[in-house]
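Letters A, B, C, D and E mark the chains in the order given here, with residues in each chain numbered from 1 onward.
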Amino acid sequence: MRIGVFVCHCGSNIKATIDAEYIAAQVQQDAKVVHAAEYPYLCAEGGQQKIINAVREYQLTGVVICACSPRMHENTFRKTAAKAGLNPYQIEIANIREQCSWVHKNKDAATGKALKLAKAAIARVKLALPLFAGESAVTKRALVIGGGIAGIQTALDIAEAGFAVDLVESTPSIGGKMAQLDKTFPTLDCAACILTPKMVDAAAHEKITLHTYSEVEEVEGFVGNFTATIRKKARSVDMKKCTGCGACWEKCPSKRIPSEFDCGLANRTAIYTPFAQAVPNVPVIDRATCIKFKNGRCGLCADVCQPAAIDFTQEDAVFTQEYGVIIAATGYQVFSLDAYGEYAYHDSKNVITSLELERLMNAAGPTGGKLQRPSDGKAPKKITFIQCVGSRDITRGKPYCSKICCMYTAKHAIAIKEKYPEAEIEIFYIDVRTPGKGFDEFYRRAVEVYGVRYIKGQVGKIAEMNGILHMQAVDLLENKRFDTTADMVVLAAAIEPSPGAKPLAQMLATPMDTLRFFSEAHPKLRPVESATAGIFLSGVCHGPKDIPETVAQASAAACKAIGVLAKDKLITNPCVAKVNDKKCTGCGRCIDVCPYKAISLESNAAEANPALCQGCGGCASLCPSNAMDLNGFTHKQVLAEVDALCR
Amino acid sequence: MCNPNLGLIPFPARIIHITENTADTKTFRVVGEDEKKPFAHMPGQCAMLSLPGVGEAMFSISSASTNEEFYEFSIKRVGKLTSELHTLQVDSPITLRGAYGRPFPVNDVLIGQDLLFIAGGIGLAPLRSVIRYVFDNRDKYGAVDIVYGARSSADLVFLEEIQNEWTARPNTRVHLTIDREEEGWSGNVGFVPTYIKQLSFNPSKIALICGPPVMIKYSLATLIEMGFEKTQVYTTLEMRMKCGIGKCGRCNIGHKYACIDGPVFRCDEIDELPEEY
Amino acid sequence: MSVKIVAFCCNWCSYAGADLAGTSRLNYPAQVKIIRVPCSCRVDVQFILRAFVRGADGVIVCGCHLGDCHYSTGNYHAEGRLTQLFSLLDFMGFERERVHLEWISAAEGAKFAATMDAFVTQVSALGKNERYRNMYTKAGAQNE
Amino acid sequence: MNEQEKMRTRAKELHAAGIIKQVLAWEAGAFPSYPAPAFFTKPNAFEKIVYNEFCTANLSKYVINITEKTLIFLRPCDAHSFAQLVKENQVKRENTYVIAVGCEGCVQVDEGEARDLLESCRTCTKTDYPLFDEEINTQNNPRESTNKAARFAEVTRLDSEENTARYAFWQAHFSQCIRCNACRNICPTCHCKECVMDSDHPLDGQFYHAIRALHQDGRCTDCGQCSRVCPRGIPVHLLNRKLIYTSNK
Amino acid sequence: MQSPVYTCSLDNVTQLINRIAEKMPVYGDFGSSKTTLSPKGFFLPALEKLYETAKINDSYKITPAPPENAPFVLLGIRACDAAAIEILDGVYLNDPIDPQYKARRHASYIVTFACETMGANCFCQSVNINPAAPKGDVKAWVKNGTFFWLAQSEKGERLTELLLDLLERTIPAGNDLLPVEPPDSAPALPLPADMLSAFNAPVWDNLHRACIACGTCTFLCPTCQCYDISSHECTENSEKTHCTRQWDACLYPGFTQMAHGNPRPSKKERFRQRFMHKLVYHMQKYGTSACVGCGRCVNKCPVNMNIVKVAHVLAQEEVNAYV
C-alpha cells in the first residue's frame, strides 16, 4: 500500500486559513504515505499532471486529494487517476475548502481539522478496493411529462435527433398555459400564432406519440431502464374515427360548465375541446357533468356524430412502457389568492388575475377579444394593475419573484392602450424587473409612448361600491397615501408549480425543494438535470421563467436526454451493494429496505443486482452480520474513518 | 529453552534483509536491538513474530542455530499478518519472542545416523535450519539425502542456495521435483511421495518430513512401505499458536501442546494423539 | 478541552448543505468533522457507537427532508432505526443530547451552520463523554 | 402435568407412522431439576421425554437449518420464536412437525432450589401459537389479562427515573458482565454465522449489549431467555423490551 | 512442626477480618456458599494489559505492564476452589512460568473454609476432594459455635502473627482434631481410561447437539486456563499499541481457526475438546482430572448440559436418548 497525499491551495481559498505545508509534512509520519505535496490549483491542468507524474514515479496504489468538495471535482480527479493507470475508486477526497477553510476563520483550528480530515481520507484509501463500473442497456425512448411549450419543445428536439418520444399531457390537449395567452412579450407576437405550428409539428412528427388526457401513475427502474405505467383516461370518443367537426359539442345540452381553459370566464359543454386550435382536435366527455353518465338519459352527441366516434363504454387504458430517459415539464399554475382578501378578488367580478385578462383580450376568448368588465360587460376606462401579488411575500405568499409578471403587465398595458388609446392605466409596483433581451426598451415604450402611469407603491384595500372599485393606496416615491378608483383591477398573481409535480417527483424519486419546484443537480453547472440520473427538468417545473427561457431550457433538457439515448450502454455506478454469501444467513431483512427492489434471495443467500442498486447503503447498515456491504463505503472504511476522526 | 523471565513480552527487532523466494514467499533476516540475537535457538525451533497493532504468529526459524548474526524466517503470504509483513521494507521495525518448541533431536538421536530430509513447498524452511546445522557439524552425521518438491519450479524456495551450496556438500544428494511438466526444467517431475518410491532409500535412515499435511500423510505411508519404523520418522504439526508456552490452550492435542511438546513429533507419538490436526 | 463532534452527512442533501454553508462563508465550530455517506440510511448503529467508544463526545446524523431523499425511502429507514437507537441509549442512561438527527436540504446552508452551532453548544454543556466510555468496566477494559 | 404422557405417546405414534424421523424435546438431566434439550432418534428413548416446569430452554433455535423431519414441542414463547425463524427462512416449515403444548410458566432454578416463576413467565402475555400442527392441552394458558401491565412495568419505572440513576443501574449490572455470550447464543433470532462483536479489540465490548439488543429490534419475540441464562443475573431483556415499548408507541 | 490450632468466638471473626484489612485488601467472606465467579479472576483476570509498544524514531520501545504484586487475602475459599488454584498453579507456575500469574499468586494469601454440607450441584467428593479439609495457606472452620483457624503454610503463619492477640491457642493440632465430618460421600466421577476410545466414542455425535457453545461454563470454571492475546492501536494516539490478554473458550469457533483451515471445524469437535481436556487430557498430563466438582457449570449452563452426565455417558454407564 503506497499512498500519495496532495494538498491544494485553491489559490487563497484554502491557503488563507490552512497551512498546507504543515499538513503535507504531518501526513508523512504514516509509514504508508510515501509522497506528499501541495499545489496552488490541483484541479487545473498543471495540478492534474503533477498527480499523474507522482502516481507513476512513486507507483502509488492510493491517492488522497485535500481540496474542495468531492461533489465538485470527484469525477475530475477520478479521471485523472484513471489516466495515471490507477483504479479511479482508489482516490479519496478530503473536503478542506467548503467544510474547513471557508467555515473556520481561526488558522490553527482550521489546520488541525484539515489534518484530521486528511488522516480520515488516508484511512479510507488504505481500505479502498479497486472497483470496476458495470454496464446497463439503454432503451432508446424518452418520456416527456407535461404538454406545455416546454414539453412540446423538448419532445420535438428529441424526436428531431431520431429518438421516439411519448408526450403525456393530463388535459385533453397539448399547449399548456401559453395556449391561453393573447400576445407574448417583448415582440407582441400572438401566442397562438407561434405555438400552434409547434403543436401541429409535435402531433404530426412520426417519432412523437401524444398521450393527452393521460397521467403517469408509476415509474420504476433507473436511467436507461425506466418502466412507466401510464393511464390514458377514457375520452369516450374514438380518436381514430373523430374528424373534429364539432357537431357533438354544438348539440350537447349541458352548456353551463365553467371552462377551465377560459379560467371560468366562459362556459363549455360536457363534451368539449379546451380551445379551437386544440391538438389533438378530438373532444372529451367530462363524465362528471355529462347527463348521459349522470343519469343515463341524453346521448345526443352520439346521435349527431356521423363517423359514430362517440363510445360511452370506453374504459381507461393503462399501459406500461420502457423508457431510457424522463423529462419533467409539468409547468405552473396561478397561485391561489385566498390569502389576499384585501384585494376583494373573490368579492368583485372586476378584480381579475392577469391570466384571466389574457383570456378577455384573446380573440378566441370569452369576449372575442373585446376588453369588457366581467360584471357588466362595459369597456373599462380606468384599469389598475397591482404587481407582486403573492410573490416576494414571506408571510402569506411565495418568497421568490415570479419573474414574468413585470413584463406581461407591461405587455397588457401596451396591448390595451393600442386598442383603447383613451384607457387610463395605473400600475402599482415594488420594483419593475426587466432583465431580458429587449425587455427594458419594451417597458420604456409602455411608459413613454403609451403613457402608462407606474406608481411605486402598494394598494392597501379594494372595495367595489356600485360598480366602481375604490382603492386605498400609497405612493412610496411621493411618500403619500391617496385613494383612487378604477373600473377594473388586474392582479399580477404569483405562479407556483402545478399540483401534479409533487406526486410525480415522488414517483421519480427526484428531490424537490421546499417550494415544490424540482431541485436541479447543481444550480450553476447542471440546471436542467435533476439529482436523479436520467431525469431532466424542462420549463417552469424547475422554477419561474418566461417563454424564451423555457424554450431554451427545454432544448437544453432535450440535449441532455439525447446524450443518454445516444449511448448503447450506460456505465453503472460501481459503488453498489455486494454480499459476502459465506456470512449471509438468508434472513431477507435487506429485501424490504431496498427502495429499488434490487435484492433477491438466491439459494438462501441474498444477492444485489448491480444494475438496479443505486448504492444507498440501507441494506448494508441493516444487516446484523455485516454480510451485506457497500462498495466505496464499506463497513471497514467508515469505521476506519470514524477512528481517524475521533483519535 | 525460552526466556523464562519475560514470558509473553517480545523483544524489539528489525528486518535487515529481505529476499524474494517466490511470488508469495519472502525470507526476512531479523536481528534484535543493537544488532544482537536476543535469544539462542536450536534447529527446528520457532519464534513468535509480531507487528504491534496487527497481530502475532509463530514461524519456524529457517536459519542455522549456529549462525550468530541474525535469524531468518521464510514466510508465505496467507493471512492478515503475513500480508502485512510482506509490505514491510528493509529496516522496518518488528517485535520478536522465542525460541519455542522442541527442536529436532540433533544432539542425540540424529548423531551418526544417515539422514533423509523430505520437504514440500514452504516446508523446507523448518528443515533448512537442521540441514545447515548438519552441514556445520558435517562429521557428526552420516549420509544426507534431501528430497524437495513443490507445485512449480517458481515455488521452490532457496533454489540457488540448494543448487550452489547444498549439492556441493560432501556425501549429500539433493533430489528436486515439481508437480507438473514445465519447459526448461531438467529435474524430476511428479509428487514427492511417488518420487520417494522411485528413489527407494534403505530403511536404516532417520527421516524428517515437513510440508502440506497431505504430502506428509502419503510420504509417511511410502516410507513405512519401504520398511521405515514410525520411530525413525519425525514431522511437524501445523497448529494455531498464541502463547507459545503451552498455556493458552489453542495448540492442545490430546495431552500434548504442539508449541512445547512439538511442533516436531516422532510419528509414533502422533499416533497416540487424537485425530485432530 | 473542546468536544469532538462527528457528523454523518448524506451526500445528496446535507453534505451539499454543508458545502453551501461553505460557499456562503458562514461559520460553525471546527470541532465538527463530517463523514460523507451516500444516504442517511447508510449510517449503521455500529458507526455511531464506535464513534463514542473511540472518544467522540457528540454524533449528529443529517439527511434529506422526509420525501426528498434521493433514494426515496432512505431517510425514513434512518429515522426509524435512529429513533430506536436514541431511545435505547437514553434508556441505558446515556445523555440523549449527545446524539441528534436533523433533516437539512441542499438549499439550507444557513440551517446547516445553525444546527452545527447549536449542537456544539449543547454537547459542550455536557462536557467530555465519560459515560459512553465507562459503561462497561470489565477489569482493565477501558484504561487504555 | 399430564402433557408428558401425551407427548410421549404422540411421539411414538408419529414415529411409527413414519411422519417424523427424530424428536426434539427435553430429557431428564443428571440432577433432578435440570432437564436438558435433546434429540431423540430411537423410539425406545421416547420414554425419556420430560415436560415439567423446569424445562426452561427455548427449543426453537435448535431447528435452524434442520434437514430431517423433526417433531418439536413448542410453548407460546417458543412458538413465536419459531414463527420468526420461519419468517427469516432459517427453518423449512416442511421439515418440522409442530405440537403446541400448554404452559403454566417455568421456574427459575438456582443452586438446585426452585425459586419463583421465571421473570419472562410472570410477565408473559402470549397465549396464542402462531403456527402448529397439533395441540396438547393448550387451554390452560391463563395469563393473558393478568400480565399485560406487568410486562412493561419495569421499563416504565426505569424510564421515569433520572437519567443518571438509570446509568448507575446499568453500569452496576454491566460491570458484572464476563462476556460469556450466553445471552447471544441462546437467543433464537441471533443466528448470524459470524458475530460482528467477536472482534478481539476489548474496547468494542463496550457496546455489545446495546448492539445485541438493536439487532433484535423488530424481531425479538420477548421470550426472556437472554435474562434467564445470564450467569450474572443481568436483566438484558429490558433492553429488548424497551425497544418493543418505543416501537409500539 | 505442625503449627498450633487457634480459636476465637464467632462474633469477633469480623474483628479478625478488619485487622487483616488494615494491612492488605481482603476479598470474600466466610459466607454461606461458594461465589458465582471462581477465584481464577484474581490470578488470571478476565482482561489484562500485557505490555505497551510505542514507535520511537523507527523502532519499537516495549514497556511491560508492571507486575501486580501487592499482597491481598482471599477469604472463605472452599475446598474445590483451593484445589482449582493448585491445578492452575500446576499449569502457570511450572516451566515456562507465567510472570503475571506468578506475581499475583505469590502476593496472595488463601484462607480456606471447610464445608459442612454439599451444595445442590456440588460433586467435589466425586473427584476425591474432601470438602472438610481444604488446602490453602490457612484453614478455617466452625464447629459447635467456635471458629477455628489453622495456618498450613509459611504464609499462613505470617498471617496468623498479625492476629495473635485476637486468637487463643488450643491443644496442639497433633491429636487429629477432625474439624468437620465430611458429608455423605457420592459415587466417584467415572473417568474414561483410554483417551483414544473416549475421543472416538460415537455418543459425541448426538451429545453435542444441545450445547449452544456460549462459553459460560469455561468462564465460570475455576480451572479453565485458556486465554487469547490480541494487539491493537490505542485510541488516543495511533503510534501507541496495547497487547492485552483476555479469557477465551475452546467452544468459540475462532479458537483454532487458521488461515488455511480449522482442525475443529464444527461445534461437535469443540464440545468434545472442552470435556476431553477437562476429564482426560489433563489427567494424562498432571495425574488428576481438571474438574474440582464445584458445580458452577452445572448450575449456570443455559441448556442444563452437565459434566457429570457427560462423564457417565462416556463411560457408557447411563443409557439414555443417545444410545
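Going forward, a contact is a pair of C-beta atoms (placed from the backbone, for glycine too) under 8 Å apart; a residue touches a chain by one contact, two chains touch by 3 or more.
Small disclaimer: the values here were computed from a predicted structure and weren't measured.
Taking each chain's centre as the mean of its C-alpha atoms, the one that lies farthest from the centre of chain C is B. For the pairs C-D and B-E, the count of C-beta pairs in contact is higher at B-E.
We define each chain's centre as the mean of its Cα atoms; on that basis chain A and chain C are separated by 31 Å. For this pair, chain A with chain E, the centres built from the Cα atoms lie 74 Å apart.
With each centre defined as the average position of its C-alpha atoms, the distance from chain B to chain D rounds to 51 Å.
Contact with two or more other chains is made by residues 643, 646-647 of chain A. Each of residues 92 in chain B touches at least two other chains. For chain E, residues touching at least two other chains, in rising order: 46-47, 228, 230, 232, 235-236, 244. Those residues of chain D whose C-beta lies close enough to touch chain A in the complex are 88-90, 191-196, 215.
Against chain E, the residues of chain B that register as touching in their complex are 2, 4-12, 14, 33, 50-56, 78-79, 82, 91-95, 238-240, 242-243, 245-250, 252-256, 260, 272, 274-277.
Remark: chain D residues 27-31, 34-42, 45, 48, 57, 61-62, 110-113, 178-182, 184-186, 194, 198, 200-203, 225, 228-229, 231-232 touch chain E in the complex.
Listed in rising order, the residues of chain C touching chain A in the complex are 4, 6, 11-13, 15-16, 18-23, 25-30, 33-39, 41-47, 50-51, 54-56, 64-65, 67-74, 77-78, 81, 105-107, 113.
By the touch criterion given at the top, residues 50-51, 53, 55, 58-62, 64, 91-92, 95-100, 195-196, 199-200, 225-233, 241, 243, 245, 248, 250, 255-260, 263-264, 269, 273, 276-277, 280-285 of chain E touch chain B in their complex.
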